[in-house]
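Going by the order they are written in, the chains are A, B, C and D; count residues from 1 in each one.
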Amino acid sequence: MSKKIWAATRKGVFEIVRGKGGWAIRKVHFPAQNCSMLLPDRRDGALYAALGHGHFGVKLHRSDNGGKSWTEITSPAYPKQPEGEDAEWKTYFGTAIRWNLELVWELAAGGADEPGVLWCGTLPGGLFRSKDRGKTWELNMPMWNSPRRKKWMGGGMDLPGIHSVCVNPNDSKHVTVGISCAGVWITKDGGKSWDNDGKGMRGDYVPPEQAYLMQGQDPHRIAQCPADPNVLWVQHHNGIFRSTDGGANWTELKGVKPSVFGFAVVVHPKDPKTAWFVPAEKDERRVPVKGQVVVTRTRDGGKTFKTLRKGLPQKHAYDICFRHCLDVDETGDRLVFGSTTGSLWVSENQGDRWKTLAEHLPPIYCVRFG
Amino acid sequence: MARVTFTDNLQQHVDCPPADAHGATVREVLERVFAGNPRLRGYILDDQGALRKHMNIYVDDDLLRDRSGLSDPVGPDAKIYVMQALSGG
Amino acid sequence: MSKKIWAATRKGVFEIVRGKGGWAIRKVHFPAQNCSMLLPDRRDGALYAALGHGHFGVKLHRSDNGGKSWTEITSPAYPKQPEGEDAEWKTYFGTAIRWNLELVWELAAGGADEPGVLWCGTLPGGLFRSKDRGKTWELNMPMWNSPRRKKWMGGGMDLPGIHSVCVNPNDSKHVTVGISCAGVWITKDGGKSWDNDGKGMRGDYVPPEQAYLMQGQDPHRIAQCPADPNVLWVQHHNGIFRSTDGGANWTELKGVKPSVFGFAVVVHPKDPKTAWFVPAEKDERRVPVKGQVVVTRTRDGGKTFKTLRKGLPQKHAYDICFRHCLDVDETGDRLVFGSTTGSLWVSENQGDRWKTLAEHLPPIYCVRFG
Amino acid sequence: MARVTFTDNLQQHVDCPPADAHGATVREVLERVFAGNPRLRGYILDDQGALRKHMNIYVDDDLLRDRSGLSDPVGPDAKIYVMQALSGG
């Protein structure tokens, strides 16, 4: 089982290790710096951190010695924006969207057969790929040039963004991408062409005639089962969806208690029927139901869910768990999640019981075992 | 008459059942609805009378184009949806 | 001593009362709604709450029965923006500023001799006044029409805003206003004319030649001593300043440990030499120094400061206290402060010892005894 | 020669002592400074070569006007201050 947790926060990266006395913060990396995303690359042990300096832009750093030292590497950069293009791609409220890296919202390792390959999801809506551990980056042009891209809208943020990249462990050219708001995009040729026409996902924030258009969907997070990559779980803006055919068709799981709203989802690495969510009251409210922090778990592919609350605060607790703030380790037994208000909990038994690791951290943006 | 429907999320703040109103533009239709429900106005329009930044209006299937003037034309049996955008939460 | 605390947060207003068993949350008002500002009006017992609905705009509510029920009252509204005016007033990064109420950043009661008078500080940069308990509001035109207004810049936020309104308890026409970024504005005729030319305040974020221009200053919060209204304390973006002549001249208090940076300040109601601050590492970092939450107190007008930490988290604590999140009651003995990450602490003895009231609230925007 | 000074807050990320450089515009002066310190560029300019949203540049006492082109003229003994704005923190 994994004995290390990385927590990327608005004010530093926390390295938390499990020793004889239990879990403890060992070190703060980039103290007081805003880190939006972190990736421990299991292929070569490298660590990647995306710092979002409010004033100085987004900078990527890599460590090749487990965090002892960090080196700034190249950040993904958008190509030159054509003259007049800013009249073509605007937010729905009329602001021109600049081709400028605003946020790294996802970092994912390529397949085991493509060492050094990284994927990076960003705001505004750019999917980047590196083939050399972040020395150079390339914007995926087939997606960027798709006519649909100019219709993408923001979800959660003003700008559209890419928050989920799932590389099929059996086929590195098969990549599933989650975009808010542009639904699920799938490539089977390593990014040369994209399919955005899955069926069954439903949005309740558009006129009923458009509810099932995939391009308008707001998946908050996508999780792919390593043991059965055709199984995908989606925590969506207005529901939970599951696909067993790689995203061609989606089934909505209705009536899940206490709520179908949330941001995060993870799936058991060996069991495609087991997944975890951190629910909250629906969209406009975004607080834990009844002020109680809980995790929900299904073991039967979403037919039934169990609400897990042992060890979690059950009174006047308003912690919200964002998209990348829930993780499961490679055994499927150990879970960790962190909150917008700086709390962090770990479970050693699939969520049956939780232990508080911290209550005064900065807002947490990403937690990762590794 | 156009039929105007409001997002459920607005109902928790101000009573706004579906409403029918005449009008050649979105502005005309909405002003008639606001005449019978004045408190509703400020929840949808800002101090300058423009659509609030994080609101969307659909006329049938189309997203409102003129967010400040609300001059988009409205057909006789149009369905107008006043929705909240996914950003701004 | 005050036995009630109101905490306005991103997700509801919490009413906290002191009973036999100590402090406890009694009720959540406006559950899950964003409340940027709250005012218990000691003159008539009314409560005012400014809700900032992300989508539906800012709405003011009043309760005349201690919070049992609330009524929506009129929100301040900007006048019609003249055609082409948006080309004249822009953020420094070039975005036109719309005349639209974006945030209520301050609510203050008028003097005891003007029942029903309220002041409201807003973004973008509008100072509003009501003479009828919020039934109608008027934008202060002498300030709004000042040529200097078009040079105001954002501080903390993109838009300039008014966060502090101090009404002289001995003279209701004497009002001191704090603006980020436009320094301190003072009227002695109830708002007909304004003085923005105080001396001695210093900004370290402009060229040295402009460092002492009052109009470019970023006071984070102003506190006026009720017993001696000529004494003003300012927690500023790069320091702590004090005036003993009503804001004509300011003295910088240098070398205060652990830091001169912070957002909040309160002054003892009866002793102009006693004030409290919640320090943090300077501007770009904004975390408690060494991860230790502390309050600093001076009793000698700023000559010396004591660091108060008993009962506050002293390890890996990253709570930040915003402008309106520190309050002192009318005796000067009881203090409360709340954090961006949902913690709340109270002291019964001027800060010597603190007790934790909550650790899992939403981000806190304002705390008020009353 | 213009003298370019950088905010202290930038020093913690990238080494940037005061620099002297020739140039008729802010762009020309800065590009000469970046030539000797390439990593610095991305901390001040965005992907399109414009001044980053939450940065300010003063030429002597004046705030930079052309934030995308950086075409503001620079006198022979100008002092250029690269500062961070108070917003964007």
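Quick note on the criterion: a residue touches a chain if its C-beta (ideal position, glycine included) is under 8 Å from a C-beta of that chain, and two chains touch if they have at least 3 such contacts.
These figures come from a predicted structure and were not determined experimentally.
> Would you mind pulling out the distance in Å between where the CA atoms of subunit A average out and where those of subunit C do?
Inter-chain centre distance comes to 36 Å.
> Which integer distance in Å separates the CA centroid of subunit B from that of subunit D?
46
> For subunit A versus subunit B, what separation do you get between their C-alpha means, in angstrom?
Result: the chain centres lie 34 Å from each other.
> Show the residues in subunit C shared as contacts by 2 or more other chains, in ascending order.
Where subunit C meets two or more other chains at a single residue, that happens at 55, 284, 286.
> Could you tell me which residues belong to subunit D and also touch two or more other chains?
Those would be 9, 54, 84-85, 88-89.
> Are the chains arranged, by touching, as a line, ring, star, complete graph, or other?
Its topology fits none of the listed shapes; call it other.
> Considering every pair of chains, which are in touch?
All touching pairs, sorted by chain label, are A-B, A-C, A-D, B-C, C-D.
> Using the touch rule from the top, collect the residues of subunit C that touch subunit B in their complex.
53-57, 59, 72, 75, 77-78, 80-81, 98-101
> Name, in rising order, each residue of subunit B that touches subunit A in their complex.
Counting only subunit B, the residues touching subunit A are 7, 9, 12, 53-54, 56, 58, 60-61, 63, 67, 79, 81, 83-89.
> Which stretch or stretches of subunit C touch subunit D in the complex?
91-94, 153-158, 180-181, 205-207, 209-210, 218, 237, 283-284, 286
> Tell me, which parts of subunit C touch subunit A in their complex?
9, 11-12, 14, 25, 28, 31-32, 55, 281, 284-287, 291, 293, 313, 316-319, 340-343, 358-363
> So in the complex, which bits of subunit D are touching subunit A?
Its residues touching subunit A are 9-10, 13, 39, 42-44, 46-48, 52, 54-55, 84-85, 88-89.
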